[in-house]
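Read from first to last, the chains carry the letters A, B and C; within each, the first residue is number 1.
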């Protein structure tokens, strides 16, 4: 077991290393991406550009540049080429916003996912179940950025029911904070709700056919009791696992579009802007930050499953 | 300033008359004292569309930063707080008088006012001026080129020691006298002494970007809080007193970074914000013009918007092809994309700057449609029909649409055009890299100061460099280069205005660039602001926050 | 699975009216995209023909296509400007149909490429195991570790400037080949993982062992024994991959790194349209509805296929995760 855990952890480090190298390469093989002249600002002289190039080491071999950049990123010392601001500070400023959005959305999609999925399972095969399935498919088919823009415009601007985007810090005004988060969270949750409701439905249906449920029923437990104590509890375990993974993915960058559309200015929006500006240090930092979330959670799940089910250790999943 | 959002008013007489409505009591009647008529006190929240490039006078070089920093860091000289041509007049700032210029035009002498204090109470010393310039040079600021004419400036940069000495600057803290020696006469150096770069900061200010903790300055306002990408707060400085520079009406001005212009505009309409720096998006322009005319105005800028045409690459190495672009160009089409915020023009030097040409445009009325048929014929004559062209544009508001108009036009006159849209943050750097071999695309220039040189730099062949090149079209006409060099040494601008004008005309006659006009910018205030009496628009620095007041 | 299960599935699918209807809807949308030039004829202008200063006849009066304030004309519900104009005075309906070509072409091509790559990787990794599997899994893990949209945008931005030439493959800057390649790569793990899992399970089954015992080569075993058994999984996943690819293409274009204007795609039309929701809501709504319809059609049809092949749950879920 220790070996398995150690192996997975080692793999995790390798993956993160590969992610960082890849990201660095993506932005260093582009022609004309000369950060020195970009940093020199408006109408610089050639000597100035040369000075920056030397000072930041853009004339050094790529591996050296990579190592230095990584050292800065991991040490929290990375500076954006474009804004000259500390990247870690920027990420920390955006993180509460991204977390608020992700937590709100995750609660919404889990609650609605379970409720609708359970409803569908109980009414399996009937018209209401089919309608729910269709609604779930429709939810999965809605592009987040379009839905967000349309909702923000009509519910926000035209009808004035919600703010038209933006973010208010919790410390400033908790009510306004929540009010500003309703639409973005709902928009982000729609897609996941569609997916989760179908997952819950199918898991519940599977579980209902299992022996222990039949036994429970045979023992004369009330249908309600059977449903809550046995079916739901057992069918939700994989759902909750997935929930953790998806939450990580959303924090890691899954909310880029939602943040951009609603101008939340979280980590995702920061990433999107930095990418457009070919600003390597922030892109590297945010990508690693995101990859870290995804990889750690995935590894944790793998290890947890391995602990629960020894067969996995040999056979893999 | 090349940047996405910048300003300056144009000063044509007709326009000045038009703007007089907006002037109200501010600026035009009292002697430079500006808008002190308004109600005192209060706090407002305003919006910028992106984090300013720097909240540090040594580094700031966009309108996003110049607009607020102008009120925080006063330079030795400054401009009269007035609209129109009047606002282009130099007045003493932290200096007691305009500088004395030696006979050969190479030595500037001025005296720092006695008893001045920074916003934190530190006394102002003459040597602080040298420190401010050192910061510009040492921090590799975009403003470096303005000060490279100072004796010893290049040596100072090359030595790389921030504490080193700039031989050409002498400052006497006892008398407050400052002497600046130039390597050659520079007719625009007085203007350079009025840029934000020359804004004084204490000699203790470190040699690094101070955006997160802006240093104190001399001015009606001080930046008391700065959270990058979120907001910064300016508070009125008690006891600020320099004649000719108004002390400001509002106590606190909080600038929030609001990245969606639509939201900013909606919030100004509803009163959640009191002012937005960017123009409202085209989508809301019509509504605002109609329903909120009592708190909205548009004003022309000291700027030129143009398409650069790279002379070093086919097909634009052929004058006929370049002419075809000018002939076919329809600035009324672009005006519609900008929601009407464009004054058409066929000059590189805009109206309001000495050296602006008043002649009739050689390629047809700039406010009328282009002649596509004639343009097509020119392309045919040049044998360039079907030639591949890549058009470059940035992704700031309306720019992709202008790029698509231009791509469509080039297709229509017989070329085969593709469009490339890249992020505004890396745009000028990319097209300014000679290796990019950018054939043509969008460019603009906003006046750093009211001098034609700041515009003709764009076509100065001696300024071409491999990276960070500002002469995007690679224009290299010996006659133009020599004439610019010669005219630059002349300190009496009006005496050579007609020669600058001839230069401007030559640039257009040879179709070195394809200008389509100056973009108009806007003042849009909330309902609770006193729009009528308290909204001064300065030709170079845009909306003057010190004129703002509540109703 | 031999012949009869396929026939059974087909019979089941034929009974699923809803799935068939939505499958047909997607075919109709694809046909509309093919017919774009015909509509351009009716409208009298191509997808990229700008017309900022033009006028059209509306009820006997000449009306600006784009007003002096920059407001484009709304839907006319006739040949010319059926769905109105955009900020450059172009015909939105014509662009919508040409945009459909780009969006659907990229979606389908990317999904095919993903399927090809994923099947190959999944097969090899699952079949050979050991170091092949280790390498493949690491590669998939690396791609998986990137946030999807972020990776897409990063690759798209980097390639948009200079393009990329790797051996015989030449991705010219600004071509839709870039979008196809980027989207295909991003989604490979989402499909390769379930396929690999399936191969692992199949490898242990008797018929594979039997084939190996009879001396069948590795290639033969994979092509002859494993592939046919993977087919149902691939068939179930394929429509979902197309739907995902169309959505990702739109997202990338929305963020400015997909199809390069003036060429239209639904994503870049929405991108331009959201700037004009007050005065010209048709600019964002029309391409958005097309996008939703086509993706929904694929998802409902794909759901029907999954039911018909009796693949509820399991591997398919993983690929569908947003």
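Here is the rule we go by: contacts are C-beta pairs under 8 Å (C-beta built on N, C-alpha and C of every residue); 3 or more make two chains touch, one makes a residue touch a chain.
In this text, all values refer to a predicted model and were calculated from it rather than measured experimentally.
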By number of C-beta contact pairs, the top two chains: A-C
Using C-alpha centroids, which chain lies at the maximum separation from chain C? B
Chain B to chain C, mean C-alpha position gap in Å, rounds to 45
Centroid distance [mean C-alpha coordinates] between chain C and chain A, Å: 22
Between chain A and chain B, centroid-to-centroid distance (C-alpha), Å: 41
Identify all positions of chain B at which a residue touches two or more other chains, and write them in rising order. 262, 395, 422-423, 430
Per-residue multi-chain contacts in chain A, two or more chains: 31-32, 157, 276, 278
Residues of chain C touching 2+ other chains? 157, 161, 256, 277-278
Chain A touches which residues of chain C in the complex? 18, 138, 141-142, 144-150, 153-155, 157-158, 161-162, 164, 197, 200, 243, 247, 250-251, 254-256, 270, 274, 277-278, 281, 284-285, 288, 291-292, 295-296, 299-300, 303, 312-313, 317, 320-322
Once bound in the complex, which stretches of chain B touch chain A? 1-3, 51, 53-54, 59, 61-62, 140-142, 144-145, 148, 154, 157-158, 160, 209, 211-212, 227-230, 257-260, 262-263, 266, 395, 422-423, 425-426, 428-430, 432-433, 435-436, 457, 465-468, 470
What residues of chain A sit close enough to touch chain B in their complex? 31-32, 34, 36-49, 51-52, 82-85, 89-90, 93, 157, 164-166, 263, 265, 269-270, 276-279
Chain A residues within the chain C interface of the complex: 11, 14-16, 18-19, 22-23, 26-27, 29-33, 130, 133-134, 137-138, 140-146, 149-150, 153, 157, 191-192, 195, 199, 202-203, 206, 242, 246, 249, 252-254, 256-257, 260-261, 268, 271-272, 275-276, 278, 283, 286-287, 290-291, 294-295, 298, 315-317
Can you list the residues on chain C that touch chain B in the complex? 48-50, 52-53, 66-71, 87-88, 157, 160-161, 173-174, 256, 260-262, 272, 275-280
